[in-house]
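In what follows, structures are represented as structure tokens.
One chain, chain A, appears in both complexes that follow, with chain B as partner in the first and chain C in the second.
Moving on, here comes the complex of A and B:
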């Protein structure tokens, strides 16, 4: 615990423990498997949120294209699962057995070259991490080296999200088109559709999430995190102090991309398909909103934001489908106008001080009791 | 690619695709003009710009229905009334939004993006609740239908020509207002140096409000023109917003001429490619080219050299 207490300060440690108790004990014990699977789906956005905290909250780089990386991770995983589901035995009614069904429907008779590596599980796992990182590296290097930032970066990443969506929808034979890659069955021979598998996948995901939280906390606390903050506040000073601002930005962007990709891959496993509707502009902005609601400066806030906004989305759109968009829109505006630091900001400004005061007054009372009692001894 | 087309066929195709591109160009210019004023001049990212456009489209649709029922003799000319109403409706909503939302966020441009995105969601749902989720189309007056037969293989639709003429007119008016009227001088003064502009007695808040209103009003006219070539749905605005932003950024944010030049090159590239490739690939290639060029030249085609 010695390392831990330095790594997380007291309130962060409490936040970590509270989240762990909620995700590992309370939710699995109290929810049925359908709801738990929904929570697992929400949590995949928490990965994106953690990345955005690093890149947007700390680095000041707003990316409106996180859906691209979420999608790349998800599609890498989906391609592996799809290839496994379309073995020759499973697809013998097709005119070309052994290739995914949508390729067969689109008169493609041979597996395209870029699908071939996804026959292998280790390569897939590597691809989930490396493909988005590489993509982010190219985008980041091209933009940050030329000192493109702020608004322009946001718009260009948004355009990239649009491009990728149009490409996926247009190239139906290679990507499954608008329906995405569906009918996924097994992961390395293990059926992912059963309730038991979903239960296990939930725990795998939570463990991965905590891994990402710790990694993000590590980045935040090292000198790297401080430089990110310095860059956000006074970019020129950091540059004049001899740091390569571009490289730090590229790193933050790549890290965010990798986190998002892990989320995307887990999304595919939890939900059982991947489609372009999780790649484009709208989901990308929604991911930013989860982070903004949770608090762009707080790693835990991002997780809570993803959970709460999605929970509100599900329950509101189940009962009042019309109200949901009004609510979401109002939430955006309220968060931006009134609570720029999100829920985490509200917690730190209003709730935390009260708890501290309460604890302090109780402590002073007990101290006072001892003091009162002392002379009597 | 060129297959079995003869030279004269190819010429006709190029001319007609070129014309289709010009119509796209007109819509881009109309949308981008408003956005260029708001984004280029004020630095506000208005993600709800498409929804202001759709408001104009719905106003046009309502006007056309009203005129048909109340005063059918006005029908051939209803379009001009509708455009003025669309300008007023979108402009007024724009000024309201500026007062309620945008003026608190001038120092945080990225946050205007999120807040206006929220606004666009609310507007979309409002349209859906009021007008229904189905797309609506307006009925064109007699004289706008049909097409003009330039040669035996080239046909040019009249409504397209009308939209183009309209675009030209509005561009000239906007250019006049911004560059020659005294109000335009105030706008540019506020853009270049807000503090100094305030110090010499310009009411910067008022200028901001009217500038935002003007940008939104032009979006309303764009929506009005849009009804002539396509149908209107609650989410139609969202389809154009990214393209429009790219047009503005590609042209160089603060340059009106750049906006027009980039709208022209983007729409022509896209519509010419559309004939030879599928629509989606044409769009992908166009957008990728823009992004690639922006990576090499981030300030856009025509950048003002202003010290910041």
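Moving on, here comes the complex of A and C:
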């Protein structure tokens, strides 16, 4: 994809470059590997945020169940890693060697059928993208074809997040239960627990993130992006312009699901385990808050939102563990009441114009001195 | 009157159309026929079911019974977007345009190409699209406002924009719900001029209260009252119908 001035406008290009400098240079050079790994963890939520910008910001579809797709992506990756860690040699003390340890503890003697495809790495990569997309397709088709929308859709997605959590916790023998899938070691033979691996994984994740940013920007700039905005405002007018509104909503929801799943898969790799505590209602709502704080209409805003809120969460919950949830709630209320377009909105409405004015006044000054007005600085 | 099924030369054949909302029949056993290139105006007192008839034809409301045939195609079984693709365009009473998009983008969305999800992902704003958008923008007096966001437009301009969005669809049957309502006198005159230009080569179904406007454009008038046809014919005929005078014009 050629990044030209049409694809990113001036301020978007600057935003892209600023983010690239921060993530690829400043942070890796200034942080130790523990902190860098934390940043990597924060960034996994940026993937979810990008999906929410398309689905919620543009399409007006508020999903309070993005944890489901984050979890599905994460679990797909975890299942592959777990199978690799559960080789016969590693598990010879179990009563059934060669199956994950939690299955053995739950008296399961054979690998369940749905685990078998995850022996293959290519199949796993496909599953990370396709399983959440398929799941979103089913939910989307069931809801949007029946014209369920707005608050009702939000509540149903939230219920689905709760149901999936209960299912994972309840089916301990198949899913690892409340502990999740732990003790993950290698990815295709490559040890992911070392500092060096974490460093490499961080860069893989940042590259994937930029890939997702470009993909989301591409969708935003096609006619489909404009139809999403149109749909948010005047659903009927879109329908009576000859479009199947349900299909466009399903697409937006599926796209958001795939972005979230990529984040989830990276989360498993960065953090080294996956558990139902990243699937349920609370993490799903937190993901929406990151996006709202960053700015639900801005792809870059969503990335900044995920980084900053998570950074605040880590620093605050280290010092005041009980206060954090109240802080997060207050932050959300403040953003919704005072800055409906989040940090990106504050930037675009208050900071950007000042910078522009400053630059413009400088330029006119230097234009007075230099004939062609090219700023020397 | 007409026995058996509609002959082929009717563009739109509505027969035995009934819709009931919790037992209240907003439209009751209604039958009427619109020919190719005919301009039909529906008038009637408030609550007569005029807007409901348009809602039924465009699929916004589902009929309880009866049939709507458009070029021999049964519309009551189609989805809204399929009805649009069959060639029926509808303008709503209150202007419904996309306020967060520009005039150009509003018109472009209505351009009849790339209407599927993947079609819209691969849609290119080529010369044919630009030319058509500019052509229509000129017709609806918005040529110099193409890059204006629609929320900056006046009420009348929004109405024109929505008419433009319909024009770009190039429907065979155009349905307009009170196109001049809420407009200033000068806007009204301009709209009448606009409508007179765009109604060529297509059939039009208009709901309107402005009697002068109706007289200007109507080929045939249908008077609705309590979901049923009270009278139908030329404006002259309808105006002199004692039943019409009693329930509608006399007031």
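Keep this in mind: the second predicted complex is superposed on the first by the 366 of 377 C-alpha atoms of A that agree within 3 Å, B and C clash if a C-alpha of one lies under 4 Å from a C-alpha of the other, contacts with A are read in each partner's own complex, and residues count from 1 in each chain.
Basically, a contact is a pair of C-beta atoms (placed from the backbone, for glycine too) under 8 Å apart; a residue touches a chain by one contact, two chains touch by 3 or more.
Quick caveat, the model's predicted, so the values are computed rather than measured.
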Q: Give one of first, second, both or neither to describe whether A:142 is in contact with chain B, with chain C, with both, or with none.
A: first
- Query: After superposition on the shared chain, which partner residues are touched by A:188: those of chain B (first), chain C (second), both, or neither?
  - Reply: neither
Who does A:329 touch here: chain B (first), chain C (second), both, or neither?
first
| message | Applying the document's definition of touch, where does A:224 land relative to chain B and chain C: first, second, both, or neither? | response | second
| Which partner does A:240 reach: the first (chain B), the second (chain C), both, or neither? | second
Requested in this report: Using the touch definition from the top, say if A:248 reaches chain B (first), chain C (second), both or neither.
Outcome: second
The residues of chain B that touch chain A in their complex are 43, 45, 101, 104-105, 108-111, 113-115, 117-122, 124-126, 128-129, 238, 242, 245-246, 249, 278-281, 283-284, 287-288, 290-291, 294-296, 298
As the complex stands, chain C meets chain A at residues 58, 60, 79-81, 84-85, 89-90, 92, 96-101, 105-106, 108-110, 112, 114-117, 120-123, 162, 165, 169
In their shared complex, chain B is touched by residues of chain A numbered 62, 64, 142-143, 146-148, 150-152, 154-156, 158-160, 162-163, 166-167, 169-170, 281-282, 285, 288-289, 292, 322, 325-326, 328-333, 335-337, 340
Within their complex, chain A touches chain C through residues 219, 222-224, 226-227, 229-230, 232-234, 236-245, 247-248, 251
